[in-house]
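A quick write-up on the structure given underneath.
Per-chain numbering from 1; labels A, B, C, D, E and F assigned in written order.
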Amino acid sequence: MATLDVEGKSYEVDEEGYLMDWQEWTEGVAGAMAKEDGLDLSAEHWNVIKFLRSYFEKYQIAPMIKILTKELAKEYGKEKGNTKYLYELYPAGPAKQACRYAGLPKPTGCV
Amino acid sequence: MGKYETPMLDELEKGPWPSFVTELKKATKVSPMADDELGQLEKSFQTKRGYWKHGGIVGVLGYGGGVIGRYSSIPDEFPGVAHFHTVRINQTSGFFYTAEALRMICDIWDKYGSGLTNMHGSTGDLVLLGTTTENLEAIFAEYSSRGWDLGSSGSAMRTPSCCVGMGRCEWACIDTMDFTYHITQHFQDEMHRPAYPYKFKIKTAGCACDCVAAIARADLSIIGTWKDKIRIDQAEVKNYADKGMDIQGEIIDLCPTECMVYDGGEIKINDVECNRCMHCIAKMTKALRPGLDKGATILVGAKAPIVVGSLLSWVLIPFIKMDPPYEEITEKIEAIIEWWDDTAKPRERIGELIEVKGMRPLLEAADIPPVPQQVKEPRKDPFFFWAESDFDK
Amino acid sequence: MALPERQTDIGPPKYDAYLPPVIKENYGKWKYHEVLTPGTMVHVAEGGDKIYTVRAASPRILSTESIREICDLSEKYCDGYLRFTTRNNIEFLVSDKGKIDPLLAELKERKYTVGGIGPRISNVIHTQGWVHCHSACTDASGIVKAMMDELYEYFTTKELPNKVRLAVACCVNMCGAVHCSDIAVVAVHRKAPTIDDANVGKMCEIPTTVGSCPTSAIRPNPKDKTVVINEEKCMYCGNCFTVCPPIDIHRPEDDGVAIVVGGKISSLRTDPKFSKLAIPFLFNEPPRWPKVVDAIKNILETYAKHARKHERVGEWIERIGWESFFKLTGIEFTYQHIDDFTFMRDTLRTSAAFKF
Amino acid sequence: MALPERQTDIGPPKYDAYLPPVIKENYGKWKYHEVLTPGTMVHVAEGGDKIYTVRAASPRILSTESIREICDLSEKYCDGYLRFTTRNNIEFLVSDKGKIDPLLAELKERKYTVGGIGPRISNVIHTQGWVHCHSACTDASGIVKAMMDELYEYFTTKELPNKVRLAVACCVNMCGAVHCSDIAVVAVHRKAPTIDDANVGKMCEIPTTVGSCPTSAIRPNPKDKTVVINEEKCMYCGNCFTVCPPIDIHRPEDDGVAIVVGGKISSLRTDPKFSKLAIPFLFNEPPRWPKVVDAIKNILETYAKHARKHERVGEWIERIGWESFFKLTGIEFTYQHIDDFTFMRDTLRTSAAFKF
Amino acid sequence: MGKYETPMLDELEKGPWPSFVTELKKATKVSPMADDELGQLEKSFQTKRGYWKHGGIVGVLGYGGGVIGRYSSIPDEFPGVAHFHTVRINQTSGFFYTAEALRMICDIWDKYGSGLTNMHGSTGDLVLLGTTTENLEAIFAEYSSRGWDLGSSGSAMRTPSCCVGMGRCEWACIDTMDFTYHITQHFQDEMHRPAYPYKFKIKTAGCACDCVAAIARADLSIIGTWKDKIRIDQAEVKNYADKGMDIQGEIIDLCPTECMVYDGGEIKINDVECNRCMHCIAKMTKALRPGLDKGATILVGAKAPIVVGSLLSWVLIPFIKMDPPYEEITEKIEAIIEWWDDTAKPRERIGELIEVKGMRPLLEAADIPPVPQQVKEPRKDPFFFWAESDFDK
Amino acid sequence: MATLDVEGKSYEVDEEGYLMDWQEWTEGVAGAMAKEDGLDLSAEHWNVIKFLRSYFEKYQIAPMIKILTKELAKEYGKEKGNTKYLYELYPAGPAKQACRYAGLPKPTGCV
């Protein structure tokens, strides 16, 4: 099993780098994952991660992309409420990057 | 012999039908991945179970789909398929290729992948079967720079597909290939960046033969038809008779609407009663042809059985013109998808959503009037809703 | 090595670049066609131009080596033009009539299987199976090969009352057209899944898992952060397994396939039809699934013997009645055949008129 | 006055005490029958014995005075034997052929309506209406009288392609055979019920009330000891009103009737069929419901004009298609016609073949 | 003129069809209750709504049903119908009466009731329309002492009913009247002391014409049929032809199984293919007759639309012998009811229960094997249950 | 509206004597109703009333007769677990008498 080491602690991740236990997540985990991808997490990145995290904690499911974009539009302005913006922030896509950084379970099925 | 012994699979090289095992073996010449694919498959045959993990999330930058991540659950035993992702290349409309194009596709694939393909996947994509994560960006750059894009996966508009239509079929009432090209281009963003509640498929068939299974396998099924009269060439009718066709038994008696008569000489059709099923035309292709006022029927909702059983698509718009630049039909499709996108729960296909909400909200959202053509028969129970707006009438 | 510059959202190349000239010229102007042999047909345009098609079977899994061979053939006989059909056959598009026989000869020599046109069996729509899918509960390519070896002549020569569309799906997700096929195979489980409780809470969306179950057999167990399956209510669809990896549905010793029949997609004569259950279960018997192959052959040949010209399998069965179908094929009728799901109400018999 | 001694659980008297001798002798030995006129028929036994039947209409609500009159007639012409039909007609069982004409003459004189046998309209199955039921949202007897006055000749003389079975139900409980009638009327509401909240908690079983709703529109409101109706989901069936008196569904200004068509009970030729919605709503217009009567007459006469011999209404419609039914009758197709309830999946059209 | 002005109802005395209003008026000579019934009904016609309260619970000692309590909601306005209960008298099998019996029924009713009846109710009872609570015991004593019992109401076995059958019909394959008498007697306790989850109705028709609407209106529908060959009298076939019947068009072409041929002289039937629909027999009654190996098909589940839409009965036992003393059929009916009684929720009819549980538990409980005759077609989805017992086979 | 007077308190009842509010019930109500019917409430009668009452309070619905008879059989012996016994105790029937005495809402529908 692969691991991700963050601040001395080691986290189990799967072959694609998703946390094996979403409950173990810390902000440091997100940072470490981003670093591996060579991405600097800006405040805008964190907005997405935090929304994903809080939505998941509340509903135990990842939000549909349209819920995420609606939320972004509402909170940060209309120009940020679209997938284009999301892919600018997370070029590998919200599922592959944002959800992973947020420690959410790996999306299944529907490929 | 290859890297592994494959006695069970070898068995499937025997017999006259072309063997996929032979293809797997051929590919071992290209890539050691194919060896391990063979080995793992042999193990599956021996133990009667697959050895793949749940789909992964891999892809190319800027896209959310188009690649299916696949990992062996026994990578130590078969390291060559530890990663074995598939790449969906958007096929051409009607699956037409030149040798040149295909060779190019093969060359790149040999370079980065297993040398195995599916020509084609069930949705329509040209499927490249088996590569690793690190090769994905390169594969995409190679293909896209040569004018080929990825197809789709995930909760997105899926790669549209169609029958050969006007390309090689006398019955095509609409230009399936051109429309499919148009709609594929139109939905590029929705195809590549999944943002729908679930998958959405569009398939287009030129006539009621439905040679692309649109009515069974697409959330939005477009089927060509005509509004006026079947064209009859009575001389050819006579030819068929002369050649011994039992016109009465094979054609007239099988016409579902009993709208045809044959007096031994000419066929007459009461076109108002004809439901355009295509039987007579299909079986007397030289004598009968679709009418000239052509367009399409739009149906929605087909899907596979999960969760509540399979659905066939339901008629939504009985007739709509389908001429370039396809404005009206594109608007309708957008309205239909918008309603679904706004209303559906995660993993809810449009057919399932209609089952929950009824047809009315969709009809209203897409500004389509209720007409008897939408139903096989009206409702049976005496329970039905009224909206305030109905009372004004 | 530097990569070429990537482009995004360009979509596929436009089809017209791949059309043979005779098709380009007569695009939308075809007048009629004639089936010349089980593997060849000609389409004739209004103006008299002709395009000949030679159809050859494909195992759908093609190696690049085979694709190159096909390309060579198409260059030799079709100016490099070819297409694939919606059932994954290869179509050589011959503009020059004189090249048909040489093409056929070379195809024969190279052991290609030519046929599939007209009232017969064409290629089998099928899915990934053990070759590539984690969900597979049988191998699709394997069954297809085994059955087509046996039904070979129905592709190459023999005529049937009408087209018979076959399909194989390796799980109930049914990535093929199994649900509307004349005769089809779908892999099924027969035991409720097992749950790796320790991981459900870590790796799954619990509401999604609960919601995935068609029969509401799953309920959350918040205390242990997992879910519980009511085995009584589970009908083994595997949807929970799809959405939640720690749930496992594979049980090689209990898994196998069902055979369904009578589906149809075209609207000719009768409405499109769903396939209905003929045989609820046969064990997986790789590499040749002899019982499955026999069962399909039996159904096919019973149809061939009893159906009228132009009748599809489903049309034939509806004419004679399902009572007669079971009698003629000798297939046993079981509890599993009786619908207890979404179509139950409409498929139980509400009439005093039926055959004994 | 002392009452006679009661008995319990004795059941009805045994039928044989009420059979005319010729029936007793030929019980189970009838060979054939002939319809002599629209109101008379003869049944002939194996041995040649005959029983003549004269059928007269009844309003079903009969006063004892009228029953006595019928008794008198039966004594005069039938040795006191008579029966009622399952559609509430009166049948005089005449053993003596010579008495038929005198009976018919007297019936005529007394203004009885003789007919209903053979391919025509017979009596209308109907229910209590405002005459006796709290649930009634129209009056059944009233509509029946109004429509049969208008369709009178289809009972007494005119022939139709086959029997046409009419029914009227005064609410969706449908205490008649409305759900399987050729043409029928069913009363419907169009607004959600109102709730007398103060009494629900006192007088109702709340779980029963919640469970009574077909669309799960009702949820409990435990705080106020009552229930709440989600008006969006309510389709006005009145089942909550049936189980919970403080819920009221009656709204005279919005209530009315729907017309359904194409049902059938017999298994002849085609399976029994449910009636389907033709006209979703017409206002109550007592005493003669002219729009309802016109609508029924229109459907009946369109059928009479277009159907083939022996075709029931539903068989005719299925042959021509519902598209044509709406076209031929000129009835408007509305959102209400599209099923969104239990049969939705199977009644939406899944075919490219239909008539414009 | 009566007690109240009834202009609207008077309108319904006009026209040729027998008028229920006239009946109401006639009854006013017997009882003032009828006056108030007329008055209240006129008010209903004027205001377009009924004035009855929810059903009451009234009855006779020792019975839990048979009387429908009914109270006016405006008793001050119409005191005569303050109480207006109906009494259900169990009709005779086949609705056969003598003048003497009916007069007796009228005499008693005139004494205690409104003088109004329904001949008959939809379930089959002879319905006496309108009396008061205090008269109920007397009414019951009078009728029962003369051999007539109450019918049923409530969550009970309801009054069984049947077509005329062997009494006056050449097609009766079973003795509907005798069986109905038998089953009514058999279930006396269950009829009079409601103890089921909900109502349960049994209707028996002698053949597939189903002249008592058993398949649509009974939880348990019994329909007579035969197993052997249709009896043909070729001489009579000829007679029909001679009289001008279009045998080909009216009979042969309408046979749903296409199992008949007519060569201009004789009719031949391939009885194995015949589904016994009764069409040919019904339309050529002199020439064709049911076979001789007779019995019945048992179907279950019909009901009105509440709660989830109407149901027609479903075939449970394709063929069962129905000869006195009816042992096997009675046992089967008991087993069917027992399963329902043990399993159903309150107010759940057997058809609804089957929809929830599937057919299997009922088939197992009543020891009936699964056979294709029970379905129009097998299931469509690939989702089905397995019991451990299935694996042993 | 009719009333029933018990120990100085007056209870609203409908035309058939059912309490208009099941919550107002007291044992006295049952006694008074029985008295009107000329019935002496024995311990066996009370067994039924108490079961009805407790069942209703628990589930807010009246039990099906078969549940009542099963309960009686369980508690008081098999010979009491049938409708015959119930009608012996309450000749007018469980719905009309026992439920009424127990103060339950009047059974509706299904007549």
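Going forward, a residue touches a chain if its C-beta (ideal position, glycine included) is under 8 Å from a C-beta of that chain, and two chains touch if they have at least 3 such contacts.
Being a predicted model, the structure only gives us computed values, none of them experimental.
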Fewest hops from subunit A to subunit E - one hop per pair of touching chains: 2
Subunit E and subunit D - chains in contact with each: B, C, F
Find out how few touching-chain steps suffice to connect subunit A with subunit D. 2
Could you check if the interface between copies subunit B and subunit E is built from the same residues on both sides, meaning over half shared, or from different ones? same
Report the chain whose CA-based centre is farthest from the CA-based centre of subunit E. A
Rounded to the nearest whole Å, what is the centre-to-centre distance of subunit C and subunit E, using the mean of the C-alpha atoms as each centre? 48
Go ahead and note the Å separation of the Cα centroids belonging to subunit B and subunit E. 51
Taking each chain's centre as its mean C-alpha position, how far apart are subunit B and subunit F in Å? 65
Expected list for subunit A, residues touching two or more other chains, is 61, 106, 108-109
By the touch definition above, subunit C meets two or more other chains at residues 172, 174, 179, 208, 214, 237, 242-243, 245, 267-268, 271-272, 274, 341-343, 345-346, 350-353
What positions in subunit E touch 2 or more of the other chains? 54-55, 62-63, 189, 208, 210, 215, 223, 256, 277-278, 305, 309-310, 312, 346-347, 376, 380-383
Return all touching chain pairs. A-B, A-C, B-C, B-D, B-E, C-D, C-E, D-E, D-F, E-F
Residue positions on subunit F within touch of subunit E in the complex are 15-16, 18, 61, 64-66, 69, 83-84, 86-87, 91-96, 100, 106-111
Residue positions on subunit F within touch of subunit D in the complex are 20-23, 59-62, 105-106, 108-109
Please give the residue numbers of subunit E that touch subunit B in the complex, ascending. 305, 309-310, 380-383
Complex contacts: residues of subunit C adjacent to subunit E: 172, 174, 179, 186, 188, 190-191, 214-215, 235-237, 258, 260, 262, 274-278, 280-281, 318-326, 333-356
Over in the complex, which subunit D residues touch subunit F? Could you list them? 199, 201-208, 242-245
